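Each structure below appears as structure tokens.
What follows is a pair of complexes built around chain A, which joins chain B in one and chain C in the other.
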Partner chain A sequence: MKDIPITRTPSRRGLLKGIAAGTGTLAAAGAFPGFIQAQSSEPIRLGFQLHRTGIGAAYGRWYERTAQAALQVLNDAGGINGRPVEILFEDDGTDPKRGAEVVEKLATQGRCDAVFGALFSNVVVGSAPRAGELRIPYLVCSEGHHVASGITNRWTLQPGITDVKSQVQAMAPWVAANLGKKVTMVFPDYAFGYDHRDFFTAAMEAQGGEVVELIAIPPTETSFTRHLPRIPSETEVLYHVMVGPAVLTFVKELGEFYGTGDHPEIFGFIDSLEAVDIAGPGLEFLEGTHFWEGHPRCLQPGASEHETFYRAAVGVDDNGASVSDAREVSTYAHMFSAWETLFVIKAGMEAAGYQGPDDRQAFVEAIEAMTEMPLSREHPQGDKVFNGRTHQVFGHQHISKVAEGRLEVVHTTSIEDGLYPDEVDYTTQPF
Partner chain B sequence: MTGHRGAILGLHLGVIGVLAALYFVLPAYHVSNLARIMVLSVFAMGYNIAFGYTGLLSLGHALFFASGLYATGTLVQLAGWPAGPGLLAGIAGGALAALAVGLLALRTTGVAFMIVTLMFAQAGYLLILYFGPLTRGDEGYVIDRASRVVAGLDLSDDRTRYFAALALFALALLACLALVRSPTGRVLVAMRENAERSRMLGYDPFRYRLIGLVASGLLAGASGAAYGLMFGYVGATFASIQYSILPLLWVLLGGAGTVLGPFLGTLVMFYLVDLSSSVTTAHLMVVGLALLALVLFARKGLLGSLRERALPWLP
Partner chain C sequence: MDFGPFLLLATMEGLVMAAVLALTAVGLSLVFGVMRVVNVAHGEFFMLGAVLAWFVTASVPGPPALGFAAALVVCPLIVGGIAALADRAILKRLDYDPEATIVATIGLLYIFQQAALSLYGPDARPVQAPFDWRLQFPWFGYSGYKLAVVAAAALLLLGVRQLLVRSRIGLVMRATQYDRETATAFGIDVDRVYALVFALGAALAAVAAVLIVPIQQAHYLMGGDPLLLSFIVVIIGGLGSLRGTVLAAVLIGLSDGIVSVFFSPTLAKILATLLVALVLVFRPQGLFGQRAA
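The block that comes next holds the complex of A and B.
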């Protein structure tokens, strides 16, 4: 038989103890949701590997502005999963060694959830191995074919800009049909140039055209005069792509070489004239020539509302220059990739229910699962298709003609024009 | 100096010991930085043998670093060699490049030597670009993680990489110490101080300078080969003029002709760039100002000045 406890009136001391304990429990209970709240509302930290100095500085300045503008829009709309987002910008000097160190710094010291923003191919290739070792998502904005070629790793993705192989393949049919089938290529004698040489040559041959001469310009060259006589007279299209300020000399010397006489059609990549005023002195010879543009620098008639929103948010006028200084021309053809990549990060993190670094793998898998990216504020350059196996996105390309110092779009490729067979399936690789 | 043998050995072993202990104390970011710094300071130690001890002001050491990097990278990634033999080939690559350059460039001295070595390094850089289909030029290529295993040690693992870097650093440091305290090392210093007087004493300057340059190239090659395997990237940037100037700055900063100076210089320069780049875009100006201060107040570098003022026994 059990004793039945006798209910007694609580003593004053016991009452005080109870109140103290109760108050403590209540306080603890009050504090705990506060702790949960602090955990879930802690900002998501993204690292931006920025070419603030070095050869990529002109791009870096605009990539930073674009990312800042996108961040503002993103946070105004509630951030990611309701959490605010911070971006830590760190200069890599456009150097592959420093690039790897910057990824490390952002990942370990900056405690970033993901890193994005790199443009120059050597920085991407130099940094990707370290990102893979650190198991941090590394989203590049480079247009190089490195990611889709399979030389990087499961943690490296390019969801914001089409790669160069796709770009040249998409444009070759229009060039062959409208400008000519016999092409002479002038390109820098290093990896970026080789991508153009190899992919465009193959694409032209597929169109029944041919590359009649390849002129590789050594990177140390300061004058092109001795190379220009190598352009065969049968050339119908002169294809040029260059990096850096050498293009100004190239165009000037090309003008002197042909004078006012007949010259082949000229098709170039805007890369060499990004951040350069195309109506500037010395570039008159470009009038009537054609350019590839990832995103049309000059506002086109009938531009989408998303395009005008993006342009205003970044602070770019109708001619592609800064709204605060018309002489400061943007890197418009490429910089949308920083904007779109940030919104892909948002979509990926929300799809993965991202909470913290433990969910990085789920985040990468969520991006791999993406396919359609419709034209929207998040994707103002145009709709896109993402290939999760190759970690590469495919979008529309534009061919523009220089008319009275403005770039007017004369042709826009379809996404299908730029698709090619997969060269890698990252989804079969371990994390 | 012989009276300080214990202190000298204790100091150098102590530095190695402290570096080993730092792995357990420092946050991950600094651990990884130190691994890089230790590997790169082997490059600086190599430069120091040529410049600090033998008096050869070379502007072409990027070639020796890149020879090691590319010999290892090409054989491991492109030819499928195991990483161990690839590493040895990289070390040999640096020494052979130095031997080839030395046989020609050591016919000159002073400014002419600087120009000739610079020219060779530029030729090497352009050669890498010329063979773009193989080397991927400036973009470079990645060494697969699976290929970065030496004697069962996975160099892509943080802990393994740190201690592999420390082992390489310790080996190079003790080898430098042994060299500069050996009779050969003393002749190298004699070449720096007065080659003609040394010749009069029966030492052939060409031969000893070649020994100094090959030893220097060997360490630079070892550093390049190890860097490729530890960090998984091979690119032409490492053969550019910048990587000929950097070891010169590291050595000048730390103290030319001191055994620990190259490490100290590499360490200080790394953190000078790292810390200042977080604050200003003009981080190279910060580095420039630091070097100006060095020239004005400590011409012999940090350890060189310390030796002059307080520790005359410092090797």
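The block that comes next holds the complex of A and C.
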């Protein structure tokens, strides 16, 4: 018996008919948009520049989850101006060149109203010029100082997370008073590390302390032991901030290097251990050391209701790991910025009466007009102050101590601790 | 830190690097020596070894040493199998044409890298060392496992040398390297020898990766550095010369360790690249390579 084919190859005539009908419908829709769908109910489309692959992948996964959770909350509460919101996630491979292409793709092909989400400073610096040329609002979650330093443009804003300059300035007095005044810094040998180097050195000198040695580590390095002998023995505080796939190796090797012998006080940026279980093997050495945290990974006693709501919405347990897998630790200290930025976009668009891409300028101006951001469901990390001239937000920072494998907050800075004179006034620049 | 202990640490770091580099580069050199194939995907075999080591150690219950021992055996076998398959399916069909195989192995590089990204994910994941033994010097502590890596690599290299010099299969390989056509005339199945050599080269890279993965971490982009350094080592040592490759690996590893401790890692890379340039200009066949007839 011969098999009868189930699928038929379409005939040429059938295909042509289909194409003609399709084109007709499209043309009609384009000519009379008002009849197809009322302008006001069309979804607002936001682009998310996501580090799904490349060296920022651990952050990317959690930024995506946080943004999805925030989107759910946002849409459940009626969206923006009564319109539903969609987020288009696009992977940039944590690569600056690809980053600029992603901004372009989201703006032109994706027809997005705004783009947000980038964390790594190289991607932000690489993408901001293209966002400016395309005249699309570009809201970064990067903690780099580049926005407030004035090297980006009027379309680039950082309303969701405090920049490094403010962070280190706010914490330096506590470090000098409680840990020691002679500091050795270990930092990545590129822009993000230089922010730490320059601003912490200055902040420490203002406290009467000094940085006795600077150890810059090339970003491609996979083993660090050979850099550690450069730490002078007079060092009282070792300050470390590392990012990328090799961070765990760095901390382990630090433990091996000092071993059971004497070691200086250690103050690190949690960036060195984001997405890493602090109670994991080889990290016992971290017990008793201190970390900066933008947002405390472990649930603290007396946490606000907004904090618990946010934690549950994103799906993070009391230890900062995924509720579905306790071994999967989040990037808790940074990822709140994706959540808060989305709600800043909502507030900005509603204040500007945003209708479509023609209102992008009004949207940026509405964000520039923002000042106070109180602790709320929209800002679960804490209250903040936004500076419209420098496009930078300022919030509280936390210093935590590792105790029995948990991070316990020992000091919280005030917003005023982190304020510094403006270096730029974007509001005077043309759009 | 005083000069003495400083130098000791730099030397130990350099030795670890040299050990892993020697294993990886010997694989590359062997493939070129016997098959005349420049294997651009060699670094990805290294990466596959590390990634598979993570899978194996994560799936074997019991103490970390057991999982690690399993990985040390299983990973090179799997990676070698994949390499033999790639040889039969691709390189053989190209008739081992030098230009075509370069392009084909570049293709393999992307296939392996993207496969790892899809199946393993973009994260760097740690593999626990088989033992947690630490040496405490008066000036600093040092991981005992790192020293074990140096010893293991030395043993493996000795094994490879014995295989090539003493065993029948080694003789067949050397015969094929010396003159392919005559070897065929003497009844040697050259296709099988090629598949075996390609598998052996890949397995050596995989073993190196399994050894290094408790020190570093398994990541889908980790193949780039070993590839570049292996080429540097192989060019300096002389393509196809095992002795030259091992000596060059020790030279590059130690100088990289010492120069980057006392000066900067960037300077170490500059010096290695400069050395390659000098070798290419003044001794194109490498320090121990034979001049092409």
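Here are some notes:
The criterion applied here is as follows: the second predicted complex is superposed on the first by the 392 of 431 C-alpha atoms of A that agree within 3 Å, B and C clash if a C-alpha of one lies under 4 Å from a C-alpha of the other, contacts with A are read in each partner's own complex, and residues count from 1 in each chain.
Here is the rule we go by: contacts are C-beta pairs under 8 Å (C-beta built on N, C-alpha and C of every residue); 3 or more make two chains touch, one makes a residue touch a chain.
What you see is a predicted model; the values in this text were computed from it and never measured.
Of the two partner chains, chain C is the only one touched by A:S233; chain B is not. Once the two complexes are laid over each other on the shared chain, residue contacts for A:F192 go to chain B alone; chain C is not touched. By the document's definition of touching, of the two partners only chain B reaches A:V125; chain C does not. When the shared chain is aligned, chain B and chain C each come close enough to touch A:R52. Judged by the touch definition given at the top, the superposed model places A:S223 against chain C, while chain B stays out of reach.
By the touch criterion defined above, A:T108 lies against chain B but remains apart from chain C after alignment on the C-alpha atoms of chain A.
In the superposition on chain A, the residues of chain A contacted by chain B and by chain C overlap at 52-53, 218, 220.
Considering their complex, residues 52-53, 90-91, 93, 95-98, 100-101, 104-105, 108-109, 121-122, 125-126, 128-130, 132-133, 144, 146, 151-152, 189-192, 194, 218-220 of chain A touch chain B.
The part of chain C that touches chain A in the complex is made up of residues 1, 5-6, 9-10, 13, 16-17, 117, 121-124, 126, 128, 132, 134, 136, 140-143, 215-217, 219, 221-222, 225, 257, 260-261, 265-266.
If you check the complex, the residues on chain B that touch chain A are 27-29, 32-33, 36, 126, 129-130, 132-133, 136-143, 145, 156, 158, 231-233, 235-238, 273-274, 277-278, 281, 283-284.
Across the complex, chain A meets chain C through its residues 52-55, 57-58, 60, 218, 220-223, 225-230, 233, 244-246, 248-249, 253, 256-261, 275, 280-282.
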